[in-house]
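So that you can tell them apart, the chains are marked A, B, C and D in the order they are listed, and the count of residues begins at 1 in each.
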Amino acid sequence: MALQSLDIIRRSATTTPSPGQRKTPEVAKLIDVTKCIGCKACQVACMEWNDTRDRIGTNHGVLDNPVDLTADSWTVMRFAEVVTERGLEWLIRKDGCMHCADPGCLKACPAPGAVVQYASGIVDFHEENCIGCGYCITGCPFNIPRLSPKDSKVYKCTLCSDRVVAGVEPACAKTCPTGAIVFGTKEDMLRHAEERIGELKERGFARAGLYDPKGVGGTHVMYVLHHADKPELYSGLPKDPAIGPAVELWKGAAKPLAALGLALVGAGAFFHYVTKGPNEVSGEIEKEFDDEK
Amino acid sequence: MTNHWVDIKNANVIIVMGGNAAEAHPCGFKWVTEAKAHNKATFIVVDPRFTRSASVADLYAPLRTGTDIAFLGGVINYLLSSDKIQHDYVKAYTNAPFIVAAGYGFDDGLFSGYDAAGRKYDKASWAYEMGLDGYARVDETLQHPRCVLQLLKTHYSRYTPEMVSAICGTPKETFLKVCEAIATTSVPNRTLTFMYALGWTQHSVGSQMIRTAAMVQLLLGNMGMAGGGMNALRGHSNIQGLTDLGLLSDLLPGYLTMPREQETDYQGYIDKRALKPLRPGQMSYWQNYAKFHVSLMKAWFGDAATRENNWCYDWLPKLDKVYDVLQVFELMHQGKLNGYFCQGFNPLAAFPHKAKIGAALAKLKYLVVIDPLATETSCFWENYGDLNDVNPATIQTEVIRLPSTCFAEENGSLTNSGRWLQWHYKGAEPPGEAKPDADIIAGIFLKLRELYQKEGGVFPDPILNLTWNYRIPRSPSAQELAMEYNGRAIADLPDPKDPTKVLVQKGQQLDGFAQLRDDGTTACGCWIYSGAWTEKGNMMARRDNSDPSGLGNTLGWAFAWPANRRILYNRASCDPSGKPWDPKRRLIGWDGSKWSGVDVPDFKPDVPPGDAMDPFIMLPEGVGRLFALDKMAEGPFPEHYEPFETPIDTNLLHPKVISNPAARVFKGDLEAFGKGTAFPYAATTYRLTEHFHFWTKHTGLAAIMQPEQFVEISEELAREKGIKVGDKVKVSSPRGFIKAVAVVTRRIRPLQVGGKTVHHVGIPLHWGFTGVARRGYLANILTPFVGDANTQTPEFKSFLVNIEKIS
Amino acid sequence: MKNDPKRILRYTPIERANHWLSALTFILLALSGLAFFHPAFYPLTQLFGGGVWARILHPFIGVVMALSFGIMFFHYRRDNGITAADREWLGHVREMVDGDDRNMPEAGKFNGGQKLLFWLLVASMVLLILSGIVIWRAYFTFLFPAWIIRLSSVVHAVAATVMIALIIFHIYAAIWTRESMDAMLYGWVRRAWAKQHHPAWFRQITGGDR
Amino acid sequence: MDVTRRQFFKMCAGGVGGSSAVALGFAPADALAEVRPFKLARSTETRNTCPYCSVSCGLIMHSLGDRAKNAESSIFHIEGDPDHPVNRGTLCPKGAGLVDFIHSPSRLKYPEYRAPGSREWKRISWDEAFTRVARLMKDDRDKNFVATNDAGATVNRWLTTGFLAASASSNESGYITHKTIRSTGLLAFDNQARV
């Protein structure tokens, strides 16, 4: 058993606990949109590191290219031209997996081991176990995973789990020219975010703040936003994302109970038969038709 | 750049104007976000568009393309009228106190000495008043009516905030906010840095735009300061290197200049360039011109260069005029050129008025293209529909396309904007039979020399005697070439202080240009690069990135020219008595016997403070020039002139002189320029962060990030023309049309200019008819064939177009 | 068996084939569905050649079942109209479960329980088809907004569970009522059986008491 | 409940079926999840400089093979050089995509010749190319060389051929290009600094 697998603390569609005795530090990627210049270096570095190549699309009248996450593009820049009290603001946000502490994808996934959560907080897809049902897309509060038309497997940002496990920072964090993306332990990233927020408040962004939504147990990809009170300004960043009640119901405790219920129905039927006996034609009627023989 | 990339983090105010650093130089731009984050810096962007630089700016000011001099002239007027200049610096380190000769004048748009027929100036009157002692006269009280400061005040008094707002279309209060932020750096311990690029150079008044900003920096005392200076963000990775090595029509390596045909006498050629000081005690370093020139001739022609033949003075071609690219393609278009070489250059895409360029190339007898990629220029003869509508049968040009290696497949050095020469190493073999550029040039040269040796021919001497003592003649190594331009001693060099001792032995590499001699005992391919490969080895490959001062001066990393100095004019970071203007950002200081500090002093090391010698050691005056004498084509003070294709068809300052009166315009072109009636919208071409000129459309990853050609227009213009986001539009100018997708955005706004509404059309230029990205039109189909009066850089940034929706 | 006078035809061959097609597809759907329903059942995917094939086949089998069940619905919907007798039958269901059907109201071709079961199955099937299309990721899901997809996922799971329970009950009822299997397997039932369990239907078919 | 013989067999069959199902691999296998292997574990690193803009970011180029003679090293990944004082390991979207430039389908691989009026390229050898270019240069130079101007001054210039030099090539190739071209007397000489 590879040592690294000890770091897996949760697996999709697995009701038995993973070996989780070791405690490795939680890592986090902090995206400071106030320093982001929308240059897409992270998009290129991600695609180059992971050896995927999206198709060369067309221009849709905006700068967003590609216009949405795909099975090849695991992170995309979303451009929003917003007029606020400060005048025109160009709010550019690097969209991609948030690596939630309570991942909707992992909860929704029916295939054992297709979605794993490491002790470091990284949520990773193991495509060789993926059956391509797309439940993770349904379960994700941020609508991130994408199903590949080529191999019917689902893909998303892996927070460069291969690099992080080898002790190197993710490709996007390393390449970000202005240091808008920084990487480190979650603790360090929270402190870094605090400093930045203080600096932003001094510059007049009174409601600058951290985006680390508790609805999904906090995330290992966090944002520092100019307007933390209105995240939806940033091309639809959900205000307080959580695994929807429907998904909770669908994947929560109801399941084992339902399975038990079916078992009980089956057992009930059996015991009814054994106790009540079969529902046979009564003797009188049998006799009525006996004389016909 | 006078400073360098990392130094930007020391600035208190940063202005990106005439450029878009966040998109064109993202990794250099990190130092702006560092300055904001750790130095509480204010970041200002002034641009016709709200660019990705503006997205992280504290203050954004829109302005009409081509009106930067009006804006900056307004800033100068604001600084002078509100007395927000650094008086001690201006008095000691600029030519403010110098008195200008009586003949100088400026009236209604023209300086004195204008020759309308020749479209040029007789610049004799733009001079200092000389004293009997042979030096320029100065008035230390700065009150003399003809002292430079007073002339400056009167000249820019016309640039009131109202006039600036009328010309540029910038709202007045926004303009004043920018002025106030700039003015805060007039105190000694706050600095402003300008970061500019093609947004300033690509205008008919481009050089003067840059000069105006330099004058602002002089008035505020920011030149030579950490976090100050004038920082040109150059385009290509080694455009600085090739400019330093003089690969221009009228230059020799190290900014030596080619002789004009009137300079028949060698000594006259030298004396005209070895400028004597104009004020007592100045260093005027160009006095050493002969040492650099002789050493160059010895490097090129070896023993054939002797004192007797004036160091092969006659083997250099003499200029009758400068053969810049516009002049060359004008001649080519007239059929006067037979051959042309494009080494790593794509003129069909990069030069203005693509139709004229294509027609000119078709008149060539032969075209040789040396490039790693299949460029449009190499296939100018192929028909690509209305992207390149030509008939190959009619094009009789013989084309030879030679594959060259790319950066990853060769050793060598590149010089970045910050004048750092950095060595790189070969990592892989080139594809197919591609060869390094040096090997291709060697292959051509050796064959050419062989033909002259066998068949003789016209004036073969320079070819036959060119030094070529490389171990493998057909493949000169990068090391040998670097050692050649660093320079070496041809004979034992005696130590000037003690002639009995030998300073440098025969054949040894020199340590720096201070050791160069004009007696033929030293050879040096490029004097400013001397010090790059010394006896201690390849200084360009040094990798000590320690930064002891914390100011970002990593003197142990690579080699910077000149003499590894990182911030030019750094003597001006101290007041005349040697005290640093800002103690927290001390660069150099006098330690009792010499100047020393965290940077190589830009001064004569043993001249104590309080001496007459001033910081600008390359200039005969020794001080910065607010008044540019006769060095500029269109005037000693920058004056706002409209682009040649102006949307308002007038000049609000002087209607009789609209565009640059001293810019060269070829016959027939003046009438052919577009007028506001037929082409009402101001257009500008520019670069996107995802692409590099016409190069990255050949790379998959860049094509994914920006796949298809588009133009940017405001929501108001879109509404006016019935264009929706994503519609296909046709953009046309007097020279042709392009078709593209319409990006409708709030980031471009209509501007009110002199009572008229001016719309902008933004045209990124990265598409063409070769490469993996979607095929597109070469944006330079639209651009005008006219250049800056001093550098002849074409006016890509301001011209007129019309735009219609393609139904 | 075909023309034995003592037996009455209850289900034609076409009906039987249709029923067993629906039954077979339902079993396959239930097995593959349960595999996705809870990790404990995941090994059921091996029946279909692994998780991926189970995910691919499930919806296609679903389409077959939808069609097959659709035909049954159109065929039997008139016979399953709930009448007052049925409601009364349902009122006495406790006695039925106790095995005492003596004073149950006379059932027609289908008794009240069967009719109720029919309509419950129809309801479940409709929900399963609609939600099934929505969550069919490969072909249809992109047409729908996220909340509908999530809702459909839950609806599909709940409806499936209910239907499985109903079918378990349906199978048990068939086993519990002796010789019912003959009806659906061979199509013919003994007259006594008919008179016992479906007296009204028996009279209607035979026109009298014999 | 008396279990008839037939029912007994049915129950046994069920049991056998169930257990064989397990044998078929029904047992819930513990889905082994291993971590992705680190792509750069054994690559060769070479330091270089990005050829695009003038920030000149430091690069680390990772190539296949460990410089063994029989392995042709191909660059498969490029990232920033963390020691470089300007870019500190970062790269912009252009620099981060350099691998696609090195391996671009548009890369030229061998000398090609297009005859006047022709519609396509013809592959030629380097020797043919050098010979042809030298021939064209010499003929044009000898025919159009201007030794003295109208005023009789020595000018020694050749104006009928021009040269555009590459601003992305190294200082060394720039230097030898300038030296060579100037020795022919050529004045129509420029580089990207002009635009």
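Keep this in mind: contacts are C-beta pairs under 8 Å (C-beta built on N, C-alpha and C of every residue); 3 or more make two chains touch, one makes a residue touch a chain.
Remember, predicted model here, so these are calculated numbers, not experimental data.
S.K.: Closest chain to the protein's overall Cα mean, using per-chain Cα means, please.
M.R.: Chain D is the most central one.
S.K.: Would you kindly say which chain has the C-alpha centre located farthest from the C-alpha centre of subunit B?
M.R.: C
S.K.: Could you tell me which pair, A-B or A-D, is linked by more C-beta pairs in contact?
M.R.: A-B
S.K.: Determine the centre-to-centre distance between subunit C and subunit D, using the mean Cα coordinates as centres, and give it in whole Å.
M.R.: Between these chains, centre-to-centre, one finds 64 Å.
S.K.: Distance between subunit A and subunit D based on Cα centroids, please, to the nearest Å.
M.R.: Distance between chain centres: 35 Å.
S.K.: Could you put a whole-Å number on the gap between the CA centroids of subunit B and subunit C?
M.R.: The answer is 83 Å.
S.K.: Can you give the whole-Å distance between the Cα centres of subunit A and subunit B?
M.R.: Centre-to-centre distance between subunit A and subunit B: 49 Å.
S.K.: Pull out every residue in subunit C that's touching 2 or more other chains.
M.R.: 39-40, 42, in rising order.
S.K.: Mark out which residues of subunit A touch at least two other chains, giving numbers and ranges.
M.R.: Touching at least two other chains: 14, 39-41, 43-44, 48, 112, 129, 177, 179.
S.K.: What parts of subunit B, by residue number, touch at least two of the other chains?
M.R.: In subunit B, 26-27, 30, 689-690, 700-702, 705, 772 touch at least two other chains.
S.K.: Flag every residue of subunit D that touches subunit A in the complex, lowest number first.
M.R.: Result: residues 1, 28-29, 31-39, 41, 77-80, 82, 87, 89-93, 95-97, 99-100 of subunit D touch subunit A.
S.K.: Name, in rising order, each residue of subunit B that touches subunit A in their complex.
M.R.: Subunit B residues touching subunit A: 22-23, 26-27, 29-30, 32-34, 37, 40, 50, 52-56, 58, 60, 689-690, 700-710, 724-727, 741-747, 772-774.
S.K.: Please name which positions on subunit C make contact with subunit A in the complex.
M.R.: Of all residues in subunit C, those touching subunit A are 6, 34-42, 45, 50-52, 54-55, 97-99, 101, 135, 137-138, 141, 146-147, 149-151, 153-154, 157-158, 161, 164-165, 168-169, 171-172, 175-179, 190-193, 195-197.
S.K.: Report the residues of subunit A in contact with subunit B in the complex, numbered from low to high.
M.R.: Listed in rising order, the residues of subunit A that touch subunit B are 34-41, 43-44, 47-48, 53-63, 65-66, 73, 81, 83, 87-90, 92, 177-180, 196, 199, 202-203.
S.K.: So in the complex, the part of subunit A that touches subunit D is made up of which residues?
M.R.: 1-2, 4-5, 7-8, 11, 14, 39-41, 43-45, 48-49, 112-114, 116, 126, 129, 158, 161-163, 165-166, 168, 171, 174-177, 179, 274
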